[in-house]
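Going by the order they are written in, the chains are A, B, C and D; count residues from 1 in each one.
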Amino acid sequence: MSKLAKDKVMPLEAAVKTYVHDGCHMAIGGFTINRNPMAAVYTIIRAGIKNLHLYVHSNGQAVDELIGAGCVAKVEIAYGGSGKFAATCIRFRKAIEAGLLQVEDYSNYQMTLRFLAGAMGVPFLPTRSSLGSDIVDKWGFSEGLRRSDPKLPNRKLTVLDNPFEDWGNTEKVVLVPAITPDVTLLHVQQADRAGNCRIDGLSFADVEQAKASKHLVVTCEALMEGDALHENAHHNQIPFIHVDAVVHVPFGAYPTACYQHYDYDPAYLKAYAVAAKDDEKYKDYLDTYVYGVADHQTLIERIGTERMDGIKADPRTGYAANLDRR
Amino acid sequence: MSKLAKDKVMPLEAAVKTYVHDGCHMAIGGFTINRNPMAAVYTIIRAGIKNLHLYVHSNGQAVDELIGAGCVAKVEIAYGGSGKFAATCIRFRKAIEAGLLQVEDYSNYQMTLRFLAGAMGVPFLPTRSSLGSDIVDKWGFSEGLRRSDPKLPNRKLTVLDNPFEDWGNTEKVVLVPAITPDVTLLHVQQADRAGNCRIDGLSFADVEQAKASKHLVVTCEALMEGDALHENAHHNQIPFIHVDAVVHVPFGAYPTACYQHYDYDPAYLKAYAVAAKDDEKYKDYLDTYVYGVADHQTLIERIGTERMDGIKADPRTGYAANLDRR
Amino acid sequence: MDYTLREMMTVVAAREIKNDDIVFCGTGISMLAAMAAKSINAPDCVIFFETGAIDAALEEIPMAVADSRVMYHTASSGGLLDAFATMQNPTTGQKVIGILGAAQIDIFGNLNSTVIGDYFAPKTRFSGSGGGCDVASFVPRSMIFMQHEKRKFVKQLDYLTSPGHLDGPDGRRKAGLPAGGPELVITNMAVMRFDDTTKQMYLDGVYPGIEPQAVLDQMQFSVDISRAREVLPPSAGELAILREKCDPQRLIL
Amino acid sequence: MDYTLREMMTVVAAREIKNDDIVFCGTGISMLAAMAAKSINAPDCVIFFETGAIDAALEEIPMAVADSRVMYHTASSGGLLDAFATMQNPTTGQKVIGILGAAQIDIFGNLNSTVIGDYFAPKTRFSGSGGGCDVASFVPRSMIFMQHEKRKFVKQLDYLTSPGHLDGPDGRRKAGLPAGGPELVITNMAVMRFDDTTKQMYLDGVYPGIEPQAVLDQMQFSVDISRAREVLPPSAGELAILREKCDPQRLIL
């Protein structure tokens, strides 16, 4: 389908089947425990897709579930954590310690700049971040690996002397290479059938991830009909020309939060952290909550109205005020 | 005053006196005939400030009036034009042809990247634009001039071989140096007393200009009281931490347009273009419309209710539909 | 059928625009061409401005690319960074067709919109690049509006503002630019295209009643005229849309 | 007065924050310190998260820097690009104080939050830099929360995630970093600062009832203890604000 098509709405399974393949290079939006594209991630796990090459800045739940389910071979990442629920993502940690996952470490800003470089169509962007650190010196992906994969740049990064002498009181900068994922998954509050997107609250690096990507699958809380998003279009962050598929998935970020719609579910995230620590329990978790449900709607039904009502966002604050998060 | 102060409201004359000085490096927001900070520009002209070093991407009316009034010594610019009213700004053109104005030419994207670099705190940013063109080869400011002014980078730009080999199918890029103006002037639709700003419609490069600058003077159509701009704060483009002065100036962009408030005034812009072509008439123009009015409010009164009503924005479209623009 | 040369030029440009194009417009006739294409032959094309407006619904013709008329009913209204990134981006940029104009053009479609005379002491100063150099650098296809005058079709530009094919078939690659460059030049007399092999301009079509030699007389350099055919004039339907829908105030036409 | 060490650490950090500071917070105790400062000694300081929230009004303590609680009633809610540019920016960045934590720290305040053991076959993997390396690279002042344990105050980091003073007084300049670096380390036993001349850590203060030697016993490297004084414990008022206003659910405390 053309990116200029006016109706890109499709079922989630079809969008995943069309745009996510074994071994493909994939980016996911959101941040730690907020607006992760969980419905899409669960669909990928159920589809049995393997050997993904993941690009994220600070992702938590989505990354950990993809890794836990064995979908991921390599990850370029700044931070794998789910806030207070798992300071380091547990399946992420286990996989690395077991040598099952290849990792390339960057900082959050560097990953964001890499997406921005992809979106801008330049091979790199500069920052002063990481000078003098092991992020510069230690490369998770060897030069050999980099040479063997045409989708990877030849270098993790490079340090450049400022060609403008000391302009900006800066003697040198770190250049980080652009990322152009095969596909990016985002969950947003509002999208229309063509794919125009409106994100409320923080946008993290979703916009850069979206625009850097060859293909873009958007799940949304609200599918806006007609011209609704053309009013005050300066509030839209992603125009439809970047989008390949639009899927209407209420609660599509659950169990992570979606500002002004629902909070994260502390009960789910805590139970997940407990299960993730133990291989047996983790298998049970997957069987019950991922493989054991047909789709995201079924998961939400299984969680039940009472719990879902409990995390409903308060319209004033955008989160579930006074939610028991202990 | 601290940039973290909660009330930065002051009269326009005071803001100009505090932040705009002879010879200072200044950027102006807006684009050709839209949202130029005209009230601030007229105040600068009336204050007799000279030898400004201007940074703009595509500015029209504001640049031309500053040049026409003899305030500007140097300009770094991509485009000096006022749309169909003056395909090339007339006083800008005359000043250059008379050798009265030193110019350094960039493209629009390059100027925007230069502001972005300043905002990001990096010495340069890369683009593929202008490779093979005279923008690369011909420097308006000599190396000698550049060496003599510590506020100028040593080079106009530089061409760099891609350190990531052919990553991004790119063999080389142009690096353009950051701009950090002493002061930037913007006109926005809404600001609060602390300086949080909300721009409706296109933001041009205003946000990057604002954040690149050491000081920032904002004029606004509507001064929002209390917490109004903290609701849906994801619609604010500039947080108050960048702002030094807030001035409430209704019609502050007149005779240029301000989306959702008023259109440009075709009668004013046409009369201006006629006057600008002739030195005698231009003197009359300045005496009548700039020096001859005490402040912007007086200018608006002189234009009169009928004409101002005629350019009032239609709430549906944001401009004055069916305005006679011939 | 009565029509002006400006109407002819607009319609010729509109016909080049396809439904799956993102159209970069400047001020003036290029906007009108995009509006016409959207009404005539490419209703789904996306009109897009360097100021950041994407898929603007133009109910009235803008007088500048920053006119508030480009902000109405867009798909998104960002800023310059968004717009130029869309063009430099390898995915979306490949869909963009640029429409440019200039004071001078050479045989390889390089453009000057900066100065006439010495850059350091110009006889005539123009507006400068604006987004012209950016578009010309980034996008795979562009068309150029020109007045056919000898002082404008020059052997040697006074200043190269916007790169066309530079010095020939390998010019853009050698300079480090993406492939692409101008596809055609639309003038008040003719349509010129660029030879696939040499990247030099040739006469592709002349307007009804115009002799190929008359076109050559308006140029400092000579081009191949052997492929010239007569260009189909605007139809009654095309003209009606132009005059009644796109520019009823005749601000551009 | 009864108080926990965590409360002590929070109050010590809060006291470092000034009214004209922009405070970069991570998850956990650093957020609580910023909330406490805003309620106690620096009501006008700006709380700011790498996720893009500037001047968040924290009515409840967030469980992560991406928690929707940081999105409420901000001055602006952008994204990561905005946040990190604010820190790298020479004007706004000079106002930022960073609050960091880590698994390992060395005598120059360099931090490891990536791995224990060999980077290529780690014994323990942590979350990684997140924004830590960025903040540590950019801002002129930072403070670090640590647990005082011998395996955490190390002679040699297993991985240098976030630059402190690197190898000494000239370390940051040689590496190309802006001036700055950590000002103090707040632990469950003591407050360490960095000597102006050597940029090495020294013992600045110990909590009531703790001997300087006991602090040294929890470190692989030795530091100057001659300047140590006793740190003022939290007041009743400070504790009340912490417990009743900042973290009534005791999610962090």
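Convention: contacts are C-beta pairs under 8 Å (C-beta built on N, C-alpha and C of every residue); 3 or more make two chains touch, one makes a residue touch a chain.
Small disclaimer: the values here were computed from a predicted structure and weren't measured.
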Where chain A and chain D overlap in contact partners, by chain label: B
Please work out the Cα centroid separation of chain B and chain D, and write it as a whole number of Å. 40
In angstrom, rounded to a whole number, how far apart do the mean CA points of chain B and chain C lie? 27
If you average the Cα atoms of chain A and of chain B to get two centres, how far apart are those centres in Å? 37
Could you list which residues of chain B touch at least two other chains? 120-122, 127-128, 168, 170, 173, 180, 201-203, 234
Got the chain C residues that touch at least 2 other chains? 71, 77-78, 88, 90, 138
So that we know how the chains sit together, what is the shape of their touch graph: line, ring, star, complete or other? other
What are all the chain pairs that meet the touch criterion? A-B, A-C, A-D, B-C, B-D
Could you please specify the touching residues of chain B with respect to chain D in the complex? 2-4, 6, 119-122, 180, 194, 196, 211, 213-214, 227, 229-231, 233-234, 236-242
Using the touch definition from the top, list the residues of chain C that touch chain B in their complex. 27-28, 50-53, 59-60, 62-72, 77-81, 84, 88, 90, 114, 119-134, 137-138, 159-163, 166, 171-172, 174-178, 249-252
Spell out the residues on chain A that touch chain B in their complex, using ranges where they run on. 117, 120-128, 153-155, 158, 160, 162-165, 167-168, 170, 173, 175, 177-178, 180, 199-203, 232, 234-235
Touching residues (chain side chain A, partner chain D) in the complex: 30-35, 57-58, 60, 77-85, 87-89, 92-93, 96-97, 99, 105-110, 112-113, 116, 127-135, 138, 140, 159, 168-173, 201-208, 257, 259-260, 263-264, 266, 313, 317-319, 321-322, 324-326
Which of the residues in chain C end up touching chain A in this complex? 19-20, 22, 44-46, 54-55, 57, 71, 73-78, 85-93, 95, 138
